[in-house]
Structures are given as C-alpha cells and as structure tokens.
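Order of writing sets the labels: A, B, C, D, E, F and G. Residues in every chain begin at 1.
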Amino acid sequence: MALNIKPLADRVLIEPMEAETKTASGIIIPDNAKEKPQKGNVVAVGTGTKDEPLTVKVGDTVLYGKYGGTELKLEGKDYLIMRESDILAIV
Amino acid sequence: MALNIKPLADRVLIEPMEAETKTASGIIIPDNAKEKPQKGNVVAVGTGTKDEPLTVKVGDTVLYGKYGGTELKLEGKDYLIMRESDILAIV
Amino acid sequence: MALNIKPLADRVLIEPMEAETKTASGIIIPDNAKEKPQKGNVVAVGTGTKDEPLTVKVGDTVLYGKYGGTELKLEGKDYLIMRESDILAIV
Amino acid sequence: MALNIKPLADRVLIEPMEAETKTASGIIIPDNAKEKPQKGNVVAVGTGTKDEPLTVKVGDTVLYGKYGGTELKLEGKDYLIMRESDILAIV
Amino acid sequence: MALNIKPLADRVLIEPMEAETKTASGIIIPDNAKEKPQKGNVVAVGTGTKDEPLTVKVGDTVLYGKYGGTELKLEGKDYLIMRESDILAIV
Amino acid sequence: MALNIKPLADRVLIEPMEAETKTASGIIIPDNAKEKPQKGNVVAVGTGTKDEPLTVKVGDTVLYGKYGGTELKLEGKDYLIMRESDILAIV
Amino acid sequence: MALNIKPLADRVLIEPMEAETKTASGIIIPDNAKEKPQKGNVVAVGTGTKDEPLTVKVGDTVLYGKYGGTELKLEGKDYLIMRESDILAIV
C-alpha cells in the first residue's frame, strides 16, 4: 500500500526492519543494536536538493546510523524520516 | 480568510492541527507528541531564497519537528513560523 | 521625520511598536511577549549584500524574534538594528 | 593629521567618540554604554576583500557594537581596529 | 566472495586487519593500537560525491584513524564503514 | 641576512619588535601589551592561496593580535609565524 | 629506501627529526619543544585536492605544529601523517 507522504528535499522515509540473527542476504546487525534496528526499507523519498539528487530509491533496503532520523507513526506503524546523508549503505 | 502576513525568504506560516488519534489520511502522530502537534496546514509562504525556491504551497498539510519554528498569535489563533528546512514532509 | 542613519549591508533599523491586545490588522502578539514587543516599523534599511538585496522597505511593519538586534537610542526614542535574516515576516 | 597606518583587508580604524547626552545629529547612545562609547570616526580603512569592497569611508561617523574590535594606542590616543562587518550603521 | 552492499556517496566499507608485529610490506602499527587495528582492506566503495570522486578502490589496503567509521557485522564478520576523508593512506 | 625559510600558503614570518614607549612613526602600543609585543617586521611571506594573494611584503612593519601565531626560534632569535588574516594593519 | 605508502588527498608523511641545539641551516627549535620535534623530512605526499595541489615535495624539510598529525610506525620507525595545512613552512 502506498503511503500518502512526500518527504521534502533530501529526506527519506524508512520502515525499520526487525533486528534478526541472520537476514536473507546474510547481513547480521550487531547485538548491541538489537533493541533499535539499523536496517530498514525505503518507502518514500524526497526530490533531492538543487546540488545533489537522491541515490536511494523506494524499495531499497538501507543501513543507517542508530541515532539518525525522526520517528513518525503512519497508518499505525513506526517509521523514520531522515536525510539521505544519514544513510550508510544500500544492501 | 486570508491572513495579512508575508513570511520572509524561506519561511512558512503554519496553522498547527490538533493532535488526533487517526486523521482522514490515516496518519497517526506519536502519543508523546500529543501535547504539541507536529502536523499543520500551510497558510502563508515566503518567496524563497536566491538559491532555492520553496516547495511547500499554501494549503499543504505538513509534518514538522516538535521544536521547529517561532510561535505567533494572529487573529486570536496560534501559528508557527519556521524555515522550510524545518519541515519534514508533505502529507 | 527622517533619521540621519544608514544601516550597513543587510541591516535594518526598526522602531518597535507597543504591545497591544489587538492591532488594526488584527494581529495579536502572544502575552508572554508583552514586556518586549516583537513587532515594529522599518525606519531605515541598508543597501543589502552582494549576494542578496533586501526585501523589507522603509514603512513596512515587521515581526521579529524577541532576541534579535542591537538596541539604539536615536532622537530620544528606542530603536533596534538587526540583520534582515532576523526578521520573520511583513504584516 | 593623517595617521601612518593601513588596515588590512576589511578592517577599519576608528577613533571612538566620547559618550554624550545628545550629539549634533541628535543621536543619543544608551546610558548603559556610557563607559565605553559605541560611536566613532573612521580614520583609516583597508582595501576590502576580493568578495566585497568596503562601504565606510574615512571621515564617516559610525555606530558599532560594544564588544567589536581590538584596542590600539596611536600618537597617544586610543583607537579601535575592527572588521567592517562589526559596524552597524553610518550616522 | 562479493558482499551485497553498496556504500553511499563517499563512504567506504573496510575489513579491519588483525594487528601484527610486522606485515608483509613491513608496516608496523603502533603498540597502543593493538587492541583496535588501524589497517584494513577495502571491500566496497561508494560512487563518490558530485565534487570529488573516490580515490581508494576495492582491494586497497588502507590506514585509518582509530576512531573513524561505524562498525557493522556482515556475514558474521566485523566491518567498518567510513567516509574516505577518514582514510589516511593507501599502503 | 636572509633567513632560509619559506612560509606555506598565507603564512607570514614576523620578527617581533621590542615594546617601546614611542616609536619613530609615533605608534605607541598599549601598556598591557608590554610583555608581549604586538608589532613586528615581516621577514618572510608565503605565496598566498588560490583565492587570495598576500598583501603584506617582506620589510613591512605590522600590527597583530596578542595571541596570533606560533613561536619559532631561528638563528637564535624569536619569530612568529601566523596567517595573514591574523595581521591587523601595516604601519 | 622508498616506503610503500601513498597518503590520501592533501596528506603528507613526515619523518620527524631529532631535536638539536643547532641544525645545519641554523634553525634552532625552542627548548620547550625538545621532547617532541617540530621539524621533519617529507617522505611521501598525497595527490592534493581538486581545489588545491600540494606545495611540499618529498625531500623537503618542514616545520609543523606540535600537535599536528597522526603517529604511525613504518619499517620500525616513527612517522607523522598530517594535512599540508598543518605544515607551517619549508626550511
């Protein structure tokens, strides 16, 4: 289901994934990050800034820093909205 | 009724919405934000800066950080005036 | 009466208005700002900077942050001189 | 008498004026600035920077912030040398 | 084995090497860095930024500051992801 | 005697002058600067930066802030090496 | 013997020289710097940045601030790796 939300500029909306011992692609996130996952799915992206378009796309799975972003609740689920520069990698 | 106010540069005047359990578009804002809403309607916008025009328009509903903006009382109602960069997303 | 003062660059000289319950245009400034008004009349403007001309003009009524500007006494009256970026909106 | 000093770049040499109750042009500086005047005469200017030429000229009377500049004693008199950006207005 | 991870922008994924007394190329890292190696192999690189492409390539052995980067566990092994500017030299 | 030293970029090598009560050009430096002179002779200059060539030349007498520069001993004498932006004026 | 190390960007690898009372070129470094020399030989340089090529070359003797750079041990000897902007002068 598409969410009715358009992040501004270089912001990205992320649905955090549950911390697991081993993911399908073999990524294991560190134990000390269990209580707050650092991996999530991109569900909406902004249009980028004048200087730099966005790299991540809707559907990407990304790794991000533990303290990045602002928490939002949309349709009863928790999301994070953060600047793309807070995203470390696409996995 | 149109307000007689022109925000300067990249500033945006926002009428905060009451915190609700579930909005028409299904957005639920987190419980810990109840006492100070993070969603509002754009009622006036500046002309942007030389480097970057504004993205939000009058009539947009926006999400913004809890600590963004300066409070103003206009025509007996509370408003917030903030820079567009403090706005997270259009919903 | 014209004041004999030329603000430098992006600075603006403002004559603060008395805090009132309701102004002609219906603007009410918040109670907690009563002791130090946040609205004033522009009485002199600089020539702007190389990058950005000024937007406000002499005669504009403006809203500004409570802590913006430097106080000056000219012809026996109190004024504030501040950078245009400290001005929030023209009303 | 011309002083033999060339301020560098955007610096300006100022001879502070005594704080007075009322000046010729009617400017009154606030009481709490009495012990350290905020008005002075420009006696030497730098050549400006690559980005921005200077606006003030030798002979201008200027208002400046209380804490701007470095004190110098030249020919037995006290002067201040400051960047033009520390000057608020020409009066 | 190639890791399924694409660092964003100017970020580089590094597999830290064990601290040794003397490496093949004769590099000895200081004793006080034994417990947390400062040398590693580049296993994935971003696409650089608009202003500056990346210099390091997959396969390079690099020296980096002790406090650079964010730790990640991928395929059961520890990695560091850091900006290229945190890398000191290629050895 | 020419010193065999080339300051880098926008750095300038200065031989501090003894604090005196009154100099040839009539400059008097403040009493509270006696123990650490603020006037000196330029004995070597860098080649400037890409953005800005240097203004001061070898042989200039300059005024500089009390806390500017790094102390060096060359040929048994004390010198200061500082960025040109730490120099206030040429006298 | 050439070291197998390539500093990144504007970084320079320096072999610190022993503090001496008087060097061949007559440079004497201050007593309070004896325990940590401020003079060294450039043994490897980066390729510079897009904005600014490097000025120092391999073989130059340089003066640098006491707290500049990161210590490295290569081939059993101590080196410093620092940005060129931390180098004060070539002697």
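As a working rule, a contact is a pair of C-beta atoms (placed from the backbone, for glycine too) under 8 Å apart; a residue touches a chain by one contact, two chains touch by 3 or more.
Just so you know, these numbers come straight off a predicted model, no measurement behind them.
Path length between subunit B and subunit G in the chain contact graph, taken as the least number of steps between touching chains: 3.
One finds 54 Å separating the Cα centroids of subunit A and subunit F.
Taking the mean of the C-alpha atoms as each chain's centre, subunit F and subunit G sit 24 Å apart.
Mean C-alpha positions place subunit B and subunit E at a centre distance of 43 Å.
For subunit D, the set of residues that touch two or more other chains is empty. Chain contact topology: the protein chains form a single closed ring, every chain touching exactly two others. Touching chains close into a ring; read starting at subunit C and passing to subunit D, it gives C, D, F, G, E, A, B.
Residues 4-9, 11, 13, 44, 46-47, 49-50, 70-76, 81 of subunit E are the ones that touch subunit A when the two sit in their complex.
Chain contact summary for the complex, subunit G toward subunit F: residues 25-30, 51-52, 55-56, 63, 65, 84-85, 87-91.
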